[in-house]
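In the two assemblies presented below, chain A is common to both, partnered first by chain B and then by chain C.
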Partner chain A sequence: MSTPDTHTLEKELLEFLEGRTGTAWDADTDLFDAGGLSSLFAMQVVVHLEKTYAIAVRGADLRLDNFRTVRRMAELVARLQAPAGGQHG
Partner chain B sequence: MRLKENPLTTAPYDDSPPRHALTVLGAGVMGVGITVLALGHGLPVHLVDVDRERLDRAADLIDGELRLAELMGALPAGTPLGALETGTSLKAAAGATAVVEAVTENAAIKAAVLSEVSGLVRPGTLLITNTSSIPVDELAGALERPEELVGTHFMNPPYLIGTAEVVRGARTGDHAMAAVAALLTALRRRAVTVRDAPGFVTSRILHPMINDAARVVEEGTATAEDVDALMQGCLGHPTGPLRTADLIGIDNLVDSLTVLHERTGDEGCRPAELLLRLVREGRLGRKSGRGFYDYT
Partner chain C sequence: MAATVKCLVWDLDDTLWQGTLLEDGEVHLPEEVRKVVIELDSRGILQSVASRNDHEHAWARLEAFGLAEYFVLPEIGWGAKSESVKRIADRLNFALTTIAFVDDRPAERAEVAFHLPEVRCYPAEQVLALTDLAEFTPATSTVDSRRRRQMYQAGFRREAEREAAPGTDEEFLRSLDLRMRIGRATGEELSRVEELTLRTSQMNATGVHYPDAVLRELITDPRHEVLVVTLTDRFGPHGAVGVLLLERHPGLWHLKLLATSCRVVAYGAGATLLNWLADTAARSGVHLVADFRATERNRMMEIAYRFAGFEGLDEAPCPCADVLAPAPEDGGLQRLHLAPGPRVVSTVIDVAAPDLNTPEGGPATP
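After this line comes the complex of A and B, so read on.
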């Protein structure tokens, strides 16, 4: 069973964010607290993650808390990419 | 609360319509946003536009914006989404409990649409105009029953902004005021009711301010980024006036300023040359991918 490498994911996400916002971020920085990024940008991030990592963010997973930091995004992507049920792992 | 209606006993003009069923006119920025707000609160919506392509695009935009609303925790938990229908005929309004007009900010177009709708709905149906700046009573003159029209100035995006400006025209009736209050409660929006005037409160203050921000950029005093950074960082404006212009749509902003200028004579409302140029170049803001900022 291949677990996606969250460290690589974090690196990719930090590069993506820096490219889009023109600012360097830390994996633990809250991107959306006061003075941070907008809710419309948050939605663009969700769409980017879905396209890039072939995942679908649905139901209870679709909440801002899962996207507040790069670390949490990477955790979410890793979880949604992991094969469900493990039967094929 | 009313029990679910029995379809077998439902006839046109029956006096027990479903609790709320909206017809939204205009599938642009605001028509889409208002539809998302209503669907997310479980209300069925029939969305109408003259432009078939707009309606097709609106269906995708609505899906995306429903997800944004969900992401931001802006929808009531456990409420199934309302059903969406779209079409190009105003006749859908006959089945509505309320009609929300959100077509282009042009008094002649709005009067024509509202007049036609007024002839189609059952008497007593709440008619709402989402105009930014046209006085409600000016539009009420086009209706068969002017007392049915109320102004409700939803802000963009309506599902993320909890307050709506409600405008009572000189001829707006008590029944319509009670109906709009009930609808806004169902949509969990706080209403602040004001008197009728060009631009009411929010557009009268915000739009000339954005116009000035554009003039400052036009005159070379500062870049759009710096104007927004100062208005945000020093004066606590949530997004900055020029990012707000891009969110509103610069064509709509120019239309609203023109309405204000014509009706108040205030030179501060004459649209800045820079805004007019952006519209000529098709740089309408977020909706076209580019305005003061680039969103592509």
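After this line comes the complex of A and C, so read on.
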């Protein structure tokens, strides 16, 4: 079951990206291959996500693949935001 | 010992020059004071101005004296001098403890000292003695310190152009004509690196400090490569911006130190270095293992490692690392591993580097 937040997250991330790049993006666009954004920009995105959503992206979660598309980013944020001790209704 | 002053902020009337511009109309610049300005500049100490005057009028005077170019971020106006000094420090990104202020009026010095107690204040009578003081005498003098002011001025022009530039950061970076040179270190270059370490908060990706003396010894060690990184663009040189320490093992290069200046993080210098190293290692048929210890400042470098494809040896073990002595058990030191393939080093920075497969000092003699 998908987290109800993911859609909102995607919307927020798309707005953030559009603000930073001056271009509108799709949630599924590969930002780096097709989109031509640099891995440097991806690093700034990591810092933005950590600050905005009070998460810590650690270790293996830091792979570039997790930041390739807005959808993947939203999934990562949703997963890291979920309380560690299991979810309640 | 008191820390070296990185920027001296001058009052103008009756401090830099004799006379009060608005009252006397004409002012006089003693030749000895000009020499102090030029000497401090050559030592790599930046200089600025905090003066109560009409900006255009006072700046025109400085230009007529041939001194205007020596002052960065001048604050000439009618606000409190403490605020001027604070703005200068903030824009330079210098701690207040590294700022000095010279003014003939005790009330101005008291105002600055009250609001900014860390700033060192000097009376005008001391102007000619400043160059004899320890805090105005940096330990080292390098090519980077001698042209530090020009490097900062180039930085301001670069920053202004960046703010005005349309399009993405990537497009702007491409327009900069960035050139990175990676070279085997000499003693002089290590002095530049040491200076960098002392002056700026580095992104030390290792979190392990290698003293200057240790690096100097390793220059001649055939197993080790000590590499110094410099960066230039169309605005001018950034100077020495990074250092790498690499130890060769059979089938493996061990990256023991990677540090870059925080000034060049925005250009992707750390990521570019990792991509260059990965590409070079791939062509040499070796794996890479990098030491990493998280600190408060090297988060961007951790991201750079991961985005370059490095993984923790604890997450994904590789037999190549068996040749390494175990990591010291003082906690926190991680080893990141990469089995590299050839790759594009950078789309925005042109990189020139020595062939690491050719021994230092040219081809080996039998």
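As a convention for this text, the second predicted complex is superposed on the first by the 80 of 89 C-alpha atoms of A that agree within 3 Å, B and C clash if a C-alpha of one lies under 4 Å from a C-alpha of the other, contacts with A are read in each partner's own complex, and residues count from 1 in each chain.
Note that in this section a contact is a pair of C-beta atoms (placed from the backbone, for glycine too) under 8 Å apart; a residue touches a chain by one contact, two chains touch by 3 or more.
Only a predicted model underlies this, so the values are computations on that prediction, with no experimental measurement involved.
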**Fill in**
Of the two partners chain B and chain C, more of chain A gets touched by chain C
**Message:** Applying the document's definition of touch, where does A:L62 land relative to chain B and chain C: first, second, both, or neither?
**Reply:** both
**Message:** Touch test for A:L40: chain B only (first), chain C only (second), both, or neither?
**Reply:** both
**Prompt:** Do any residues of chain A touch both chain B and chain C, and if so, which are they?
**Reply:** 38-40, 42-43, 46-47, 62-64
**Prompt:** How about chain C: which of its residues touch chain A in the complex?
**Reply:** 166-170, 173, 266-268, 271, 299-300, 302-304, 306-309, 311-312, 315, 347-348
**Complete:** chain C partner, complex, touching residues on chain A are 21-22, 36-43, 46-47, 59-60, 62-64
**Asked** Which chain A residues qualify as touching chain B in the complex?
**Response** 35, 38-40, 42-43, 46-47, 62-64, 67
**Request:** Sort out for me which residues of chain B touch chain A in the complex.
**Result:** 64, 67-68, 70-73, 160, 232, 239, 286
